[in-house]
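Some structures to go through are shown next.
Common to both upcoming complexes is chain A, partnered first by chain B, then by chain C.
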Partner chain A sequence: MDDGGLGWWGVPLAVLAGAIRVSTPFLFVSLGECLTEKSGRINLGLEGTLVMGAMSGYAVAYGTGNPWAGVLVAGLAGTVFGVLHAAICSLERVNDIAVGIALMLLGTGLAFFLGKPFIQPQAPQLPSLALGWWSDVPQVQSALRINALFLAGLLLAPLLVWALRCTRWGMVVRIVGESAEAARAMGYPVNAVRMAATATGGFLAGVGGSFLSLYYPGSWNEGLSSGQGITAVALVIFARWDPMLCFYAALLFGGAGALGPALQSVGVTQGYYLLNAAPYILTLAIMIATSSSRHRLAGAPAELSVTR
Partner chain B sequence: MPLDRVLPTLAALAVSMVLFGLFVLAVGVDPLETYALMYTGAFGSWFSWQNTLTRAAPLILTALCTALPARLGLVVIGGEGALVLGGLAAVATALALDGLPPPVVYGAMGLAGMAAGGALIGFAGALRHGRGVNETIASLLLTYIAIAVMKQLVEGPMKDPASLNKPSTAPVPDAYLVGTLPGMDVHWGLALGVLFALAAWVLMTRTTFGFAARMVGGNPRAARMAGLPVGTLLVVTCALGGAAAGLAGVMEVAAVHGRANASMVAGYGFTGILVAFLARQNPLAVIPVAILFGGIGASGGLLQRRLDLPDAAVLVLQGIIFVTLLAGEGLQGRLPSLRRAPPAARPQEA
Partner chain C sequence: MAAPHRLSRRTLLHTVSAAGALGVLGSALPWRPALAKDLVVGFVYVGPRDDFGYNQAHAEGAAAVRALPGVKVLEEEKVPETVDVEKSMESMIALDGARLLFPTSFGYFDPHVLKVAKKHSSLTFLHCGGLWTEGKHPANVGSYFGYIDEAQYLSGIVAAHTSKTKKLGFVAAKPIPQVLRNINSFTLGARSVDPAVTTAVIFTGDWSMPVKEAEAANSLIDQGVDVVTCHVDSPKVVVETAERRGIFCTGYHASQAALAPKGYLTGAEWNWAKVYTDYVTLVLAGKTVPNLVRGGLKEGVVKTSAYGPAVSDAARANADAVKAQFMDGSFVIYKGPLKDNKGNTVIAAGEAQGQTDIALESMNYLVEGVTGSIG
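This part shows the complex of A and B:
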């Protein structure tokens, strides 16, 4: 197939472009989930939050004509889901994983239900920066058309590393995640800290969802998310609860996701779906390789139920 | 089930109905009419009963995929993946054994499907025991991988060239399609599901295996100290759960779709998780709960036609029920402190 004379060189370029374009939702969801998990809880419901964010962001951008209003509302919708998760989990004897599954179901259902009228109309899209102006190859230009949200994520990752490591606020989150008992003994409100961490995580996941509907693929429909929310939760484990590693892992997963379509465009159609599943296989492999039945995963917050 | 376990579940259902009623009211639909139509669509006539039971059959089996490992304290959510692999294995077996007498092929299809589903969830159990990998995340990842494998196979090596618009495997030969139960338009999967649930209940409550499994669920360290083969129990129970979901896939292929394709990914595996939780992981209670959710699913079409509600209304209701159930479980822990004097200086959170 002719793709502008680039031939096989189009593959690495498309993977690079995909890594930047496809990784943004992974990046936002995983940074949010990283923060939530640092406080000692896992929110599996981010898949539902992501879809809800995609729908509400699209609906508001369509209604107001301003895509950034959509991003904000998507984040707020995500916050509501985060608060709901944290509120139910703060009750006794409730399993945070089960609540996550329930919210995944509820979020997806609500988004499909309320999003029905928005499948057809076209909402305004988020702007992007054309960093490929120096090249006259259209593929290079489109690969380097970088969305503002990606840049925001790029800044957010080191910011989160710094906040967790160097601020008092980050220290409290880590204490709560390592030992709720110790945090209580020191007088920190465990549930309130986890509520804040989960709500912030939900906000970021909602923003990640708005990227799906407002930039790439850039419209709202029910097949928009193919499990990116779940992948991002797994990605945090893959990245060992380090926001910077989350950033690199998101790029890796984005690139892996783009490899299938890229190879397809040069005529290699074998293994398309398996390549799409590469992030899941990678995550499972890394979990198998690094887990042990005798000690917990390195870097895992001690309060986290999934690593026990 | 004892009454004190049924009542909270019924209360959660009642609260969910109120919440869902308020939700449809907010979008301008009469809740009473909605519930009346749901009843009609689910249990109002013999026709709707048959539709309901046809949907309940795979739900019983996928719910067991979560309910059986739950006895050992595991949260397995890989039913959808086991179902898909079971369906694929059934088609492959039927095509490979084409020409043999139907009873032989039925048996082989069932065994192959159960082995495929059992292997998937058994693998998650083995990872849990051998490597300490979290079984919830592992079973979910395995589900996505299984779905990708299915899509790859029906687009590639197993694709029927005649299936253009919707890539599928070659159809199961007519002789090996599974028919309906006598006197009703519901396939044999329902009977198999009920039998599987009964067998699971007997296994878990009336045998030493079940006793040992529940002991592991109660206190894994104590079970290990008592010399129980914890690893074997874990893997075998997970594999049994996976086999149930795999059998659901066999029946979906052999009795409903006639071939394996993306239609198998219909969400039965995920609804099965909710069924298992609502049944409090009790294999017997799974049967009525699965029928209830089969009914909710069956009424979706009617709600869409008559009230113009999107088909996702069913998903919203399921989500509300799930969330309410879990929140109710948490609130229940606070009830004793309402009845008795609150214990002094109790920590806020366990």
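This part shows the complex of A and C:
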């Protein structure tokens, strides 16, 4: 039957395409959170940062006509939220998780409030690179239309691994995350390092948000994130604080999210609620399979309040 | 510096209660109810009112009401289907003197609208989508809805004429009767043109899931679907995705023609402007409002979007001919023999279920030609 359909081949293709399309916000938020957590703080507010980034990026792209200006402003909005989180947490006896939840609510609320006028207009979209030129199957071409932000994330993950492992800056971040006392004894400003790490994490989360509104699905509305920011924070634990594993985990979640619709489109229609829950079932399974009651999570920064 | 002014608990209580008394006094002053000469009408939406979808359709109706003389319109957006809607309505009643309320989301009805309506028996509550039942529901409550599947049937006709692959796609939120009725009517319309046409349906699981809607549209397009439509709160994502991938789409709720100048064929739209202005005119004239309002193309409750540039003359002629039959009330969508997509007969030969047939409001099947399942 030559009718332009792919049949069952559509499923792996959709999972691959979904992995590329859907994973980028997960990737940016989880890389940002990974850096923040390496410095010994957890920022749960990244869901709010993501939504704020999506809104501000869309608004600026619409206002200026330049989507890249939107990406930049989304990053800066994220930085502001990161700085706010770090500044509040640098006070005595402040719980970073509680502050994160407060900032998550503030970020989403503020984005919904300020984003009202931008639900209807269409902002210019980020361009994509057509890497599927070698194929004459339109579905493959479409799946391989890859956004530059995804490639940036792809480069950022190994860069972050290298920076954390091999540079002085990375070492300082790790020391602060492993033992604040040791860092203080060595003369490193603990709060300033955490401020920088949280602000950078916020920047990345903001950029991730702009991908949602400026590329895929490519419009601003209030249901846009539907919890992706929170999922990405959880991904960091799932990925054992390793940026490269964050990248794979983001791909896995993107692909698993595409599985439900792809199977329905080829006619596997029973139990789609269960299929839509596939990413979460997968997480649970891997977490249970790799957990241990005897030692703390491998790779967890010792200063992190969730593992301390 | 002056001595620190210490506020004792007693002074605080005095001040607060004095301020409260002032507030009560303020509300009794004559200038405030001067506004109440106008009929105050409150609209409550479940989402943002410019979403290119469900809420925008209602907001367009509210805008038409606002243009009437002697009416003041209040609107509140993004009110969840929880006790929040009761608070919104109570505050519209208590603070702004609303006398006519339109809670527009399906989930508001039971128990929230019913509860508030019992409390304020002199006010009128008109709810979209509910089924008002005499004796069971308070007399000051009414419900209205439209047979938008008539417009979906016409969309299906246009889609079948336009499709080259003979595969249509439908992105739906949840398998509830109203959604199934749209899927089935769209498919029946398409198969009235060409019985080889099939509709693949994807349920996303909720009313607003932008990423999943985009994934669903992309998966359908990858399977060769070349006309897609949807029943979600905001069709914006589905329509934009279709346009970007270069296929055709038909709209829902409101017109999305502006989002897809090339691929937008037609669409099933609500015409709440007519329903709402009719209601408000009745209330302004002091007449009683009907408790149950239903209607389709003929009654003007629903309408179709203007045809897009890709619609062929044959498609126009076919759809217009069927539309004329809807307008004179002679067309029945659900008539036997009708099979569901599992092969069971759902309407026997010789039987017909007209639009007002209550059996259609509890639809639980997908017709032959739909790929998908409810479970």
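Following the convention adopted for this analysis, the second predicted complex is superposed on the first by the 287 of 308 C-alpha atoms of A that agree within 3 Å, B and C clash if a C-alpha of one lies under 4 Å from a C-alpha of the other, contacts with A are read in each partner's own complex, and residues count from 1 in each chain.
Note that a residue touches a chain if its C-beta (ideal position, glycine included) is under 8 Å from a C-beta of that chain, and two chains touch if they have at least 3 such contacts.
Predicted model, so just to flag it, every value in this text is computed and none were measured.
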Which of chain B and chain C A:131 touches, first, second, both or neither: neither
Which of chain B and chain C A:261 touches, first, second, both or neither: second
Touched partner set for A:94, first chain B, second chain C, both or neither: first
Chain B versus chain C as contact partner of A:112, first or second or both or neither: both
Touching partner for A:120 - first (chain B), second (chain C), both, neither: second
Contacts of A:69 with chain B and chain C, given as first, second, both or neither: neither
Partner chain in contact with A:272 - chain B first, chain C second, else both or neither: both
Residues on chain A lying within both footprints (that of chain B and that of chain C): 112, 116, 222, 270-273, 276
Chain A contact footprint on chain C (complex, rising order): 47-48, 50-52, 78, 165-167, 169, 200-205, 208-216, 218-226, 234, 236-237, 240-241, 244-245, 259, 371-373, 375
Chain B residues within the chain A interface of the complex: 75, 77, 127, 129-134, 136-138, 140-142, 144-145, 147-149, 151-152, 155-156, 270, 273-274, 277, 309-320, 322-323, 325-327, 329-334, 347-350
Chain B contact footprint on chain A (complex, rising order): 44, 48, 84, 88, 90-95, 97-99, 101-103, 105-113, 116, 180, 184, 190-191, 222, 227, 230-231, 233-234, 237, 270-274, 276-277, 280-281, 283-284, 287-288, 291-294, 296, 306-307
Contacting residues of chain A [partner chain C, same complex]: 3-7, 10, 13-14, 17-18, 21-22, 112, 116, 119-120, 122, 139, 142-143, 212, 216-219, 221-224, 226, 228, 257-258, 260-262, 264-267, 269-273, 276
